[in-house]
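For reference, chains read A, B, C and D in written order, and residue numbers begin at 1 within each chain.
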Amino acid sequence: MAHYGFLGTGIMGGAMAANLLRAGHSLAVCNRTPDKLEPLLALGAIPCASPAEVVAASAITFSMVADPEAALEVALGAGGVIEATGPGHDYIEMSTIDDVTSRKIGAEVVATGARFLEAPVSGTKKPAEDGELIIMAAGDPGLFEDAEPAFDAMGKLAVHLGEVGTGARMKLVINSIMAGVMVAQSEGFALAEKCGLDLPSLLELLDAGVVSSPLLRAKGPQLMARQYPTSFPLKHMQKDLRLTLALADQVGQPLDNTATVNQTFIRARVAGLGDQDFSAVHEVVSKDERPCA
Amino acid sequence: MAHYGFLGTGIMGGAMAANLLRAGHSLAVCNRTPDKLEPLLALGAIPCASPAEVVAASAITFSMVADPEAALEVALGAGGVIEATGPGHDYIEMSTIDDVTSRKIGAEVVATGARFLEAPVSGTKKPAEDGELIIMAAGDPGLFEDAEPAFDAMGKLAVHLGEVGTGARMKLVINSIMAGVMVAQSEGFALAEKCGLDLPSLLELLDAGVVSSPLLRAKGPQLMARQYPTSFPLKHMQKDLRLTLALADQVGQPLDNTATVNQTFIRARVAGLGDQDFSAVHEVVSKDERPCA
Amino acid sequence: MAHYGFLGTGIMGGAMAANLLRAGHSLAVCNRTPDKLEPLLALGAIPCASPAEVVAASAITFSMVADPEAALEVALGAGGVIEATGPGHDYIEMSTIDDVTSRKIGAEVVATGARFLEAPVSGTKKPAEDGELIIMAAGDPGLFEDAEPAFDAMGKLAVHLGEVGTGARMKLVINSIMAGVMVAQSEGFALAEKCGLDLPSLLELLDAGVVSSPLLRAKGPQLMARQYPTSFPLKHMQKDLRLTLALADQVGQPLDNTATVNQTFIRARVAGLGDQDFSAVHEVVSKDERPCA
Amino acid sequence: MAHYGFLGTGIMGGAMAANLLRAGHSLAVCNRTPDKLEPLLALGAIPCASPAEVVAASAITFSMVADPEAALEVALGAGGVIEATGPGHDYIEMSTIDDVTSRKIGAEVVATGARFLEAPVSGTKKPAEDGELIIMAAGDPGLFEDAEPAFDAMGKLAVHLGEVGTGARMKLVINSIMAGVMVAQSEGFALAEKCGLDLPSLLELLDAGVVSSPLLRAKGPQLMARQYPTSFPLKHMQKDLRLTLALADQVGQPLDNTATVNQTFIRARVAGLGDQDFSAVHEVVSKDERPCA
């Protein structure tokens, strides 16, 4: 039996699966378009005909698909994961999905006698390729321990947070902080430019000070160049802000600042920047308003 | 003649002057309360009777006093700097003062034939002691070059930004970004706590990710402990936000987010947190609202 | 056959049904707790055993129940409206319910051959008693015409807005404006008080000027007395703001101000003011912050 | 001796002076450009050569000039008011000026033995012509009583608020409420339009409800027509918001909503709408964001 199975071999999932193979793990995979499996097969992956076959062939199967709908289809659709999970055939959902979908899949999997983790990640294409993802796991603690060799191959940090749902919530908190930091930087750069200050000096001074961060070093030059190559699409960040504010409303935490940040991201999305990187919010923060007709 | 003079030997200035002496520079100093000079005299400083005497004894004199009023008194009051500045006796104002005061002092100094720089710093007590300040200089470029040995002893980065006034404006931009990042972190921690998420895990995950920064590592534990030992007083940060928003209004840059952040800092100041560290803004962001009477 | 039927005879519905009877219309009613029908029976209402019986006995039946769940139960539950709707037995849903619920009920009713209107109202207990409600109807235009005698008895203005869903959306827009006006007044009164200005003079001056409104005259004295007798509960207003912002996000309209207003209402709800009038938002806007422990 | 004197005969002042004359009061006037006095002379005004001559000829002199600089020049410049004030020659400053300027003029006037009032007004050209201004007086209460016949001719309501400064502050509070109401309406209309709701129906429903106000009836049609004929220039409203927020900061009143409203007005000002009516804020609230280049 293969040690691991992997479902979803797109940009993120393909890179993660490759890292599992490179670390020496045997890996079962499948894809509706078999051509897409070739890079993984070249690394030694074992092809299967369906998600259920992958699960049947694996002790632990990971899923990394595009959205909640795809996650539901892979897990609960025809030929899906649920047809093969059970004792000894566990499931770890790493896709970014909402709380409700995660619990639904988890409950179905657990009902078959298998163990379940949700394990959304922080990090985009580059960290996925470099095995530098940050993994926010929640659910069965024993499965978390058993999956550690796989998490080691895919990420630089994996934390077990509690029961199913806490991983998704933690990811929202982290992304909303990222959005707030991004807008704080953007407003600073916009003001500096309007004041005639030298932007490279601003970046140098910031990077020497307490707000220096990988985000500053990655996005600062983008703000100056007004080029925003997509790492994390702006529309996805705005969706996460929406979910964060809904969560905060539900638990009774006012978030004045995050609510304002969300409106700025909505303005950017409406301006057609949704598919660019979330740093493109700078276009609406900094743009010279034109006289209205 | 002493190479350098130093005026203002409080917490910040005292540490900066000591670093000049430790770097082997001769240094003239004065203080109305001579006892306060003892630590510097022990390092070899030369005592003078007035700011004017310090300037007369020095090629370049630095000032690091508490506020614009003190800066004006030291520079333009009786026995002040202006009585001795002139060719070969230049002046560098490192105190955090507003644009107008800086230009006023600069104009008077330059009228005597001396050169002038404003050079506000970023960093508090610890960086001052460690010679790790960030120095934002503006004004005479030749004086900036001549002062580099002194800046090397006091800071880890010194940048020349342009004409007098750009240093003060750059400092506002940097501090307003710092405030925005602080509130973004604070709202994230507050939401995480309300959701029952584990805060040490949040900090660990953030620190492994793109928003990791010295500010996160310094303030994150303070947010969890709800202890805010003062490094940069909250009321001073709110003052800087006020000045930043006034500057943005003047140059025509909307700052939705910074305006919201400022109101949050006002709320914190009104709640009696003005003398605590600016991270104490977390108290008003996160507090459980009590039923109103 | 009775001209009209009425389902839901609580504070609002009871007053509306009474106005139909007082206007001379015959009216079929029902209630699980028959005692509650007595005031209406005294006015000549005809008692029935179930919603379905009311509909069977009536050309047009109106519903005014507490929430979407109650609306679904009354319409689609056992003994519900849907068992009797059909040609000549039309249905008008006046409860405040969301878009999705409204469409669902509408589709089921229309499938039986009956006509359907959603007709949420603006106005609370007093306008309901006085027949002064504002009625935002949407759906079948012929039914709107046929129902005009009833709307005349219950309201002072009834408008037909378009297809099902536009009534609910219009109500959200109107309530969000009301919330924004309320907070603008509240912040003004709070600032005036902090400045030592005379509040009765403020109210007099406002009432003589362009922002004079029934809302100002109703709530201004409440702000001064810090008493907020419930007309429209704060928690319901905050729910409407949440729905408004979700709608705006969906259609791509940034609402910076309404987003801020919503956070203020969340703060008030969390402070335990949810069951007081929405004017109680003034407690969190104006309260003196106490020093944090 | 003329009963009254009037300084500043522009759009506002000219209309106010005419109302004093029409009410039968004798009135002394002056203007650097004598032609501009003709309409008033036709109504019987007495021409003078300088502000000082007007004051000398009058028991009470009113001033209604463009801004603080003009107010200072008229009051304290060569040939100014101060040269003739004294017992029996009192002065009422009705121009919209800041607190500091008002106190300065008041102190100088009072030092001559005359009485002083500040009396800023609410209302624009039309109310000025119709004698329907709202007058916020502050300062000497005896002078307020003596001036009542004049206030009756110029306004529909005159209130005495307290010591000098309270008039200016009250006006800021009222204008900031007006700005908040305007933006609340604007966001509602913008959302309604994006949702495909019928705007005339929205206006009709609002006008039948609790937020009906003269402002709604005046500006609602402007929002629909996207035409904003200037009654109160947007840039002046934004200036008042700036002063309001500075006052609130000083007295310790957080104003989350007003701070957001101010940023929206700054955005509108920067978009070139400063000279249009303040209702033109709707252009930036509602505009369709264009894809950024």
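Definition applied: a residue touches a chain if its C-beta (ideal position, glycine included) is under 8 Å from a C-beta of that chain, and two chains touch if they have at least 3 such contacts.
These numbers come from a predicted model, not from an experiment.
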Among the chains, which has its CA centre at the largest distance from chain A's? D
Same or different for chain C and chain D, where same means more than half of the interface numbers show up on both copies? same
Expressed in whole Å, how far the mean CA point of chain A lies from that of chain B is 39
Determine the centre-to-centre distance between chain A and chain D, using the mean Cα coordinates as centres, and give it in whole Å. 55
Note: chain A residues in touch with at least two other chains are 248, 252-253, 255-256, 260, 263-264, 267, 270
Could you pull out which chain D residues touch chain C in their complex? 122-123, 134, 136, 156-157, 159, 161-162, 166, 169-170, 173-174, 176-181, 183-185, 187-188, 190-192, 194-198, 201-202, 204-206, 208-216, 218, 244, 247-248, 251-253, 255-258, 260-261, 263-264, 286
Which chain D residues qualify as touching chain B in the complex? 242, 246, 248-249, 252-256, 259-260, 262-264, 266-267, 269-270
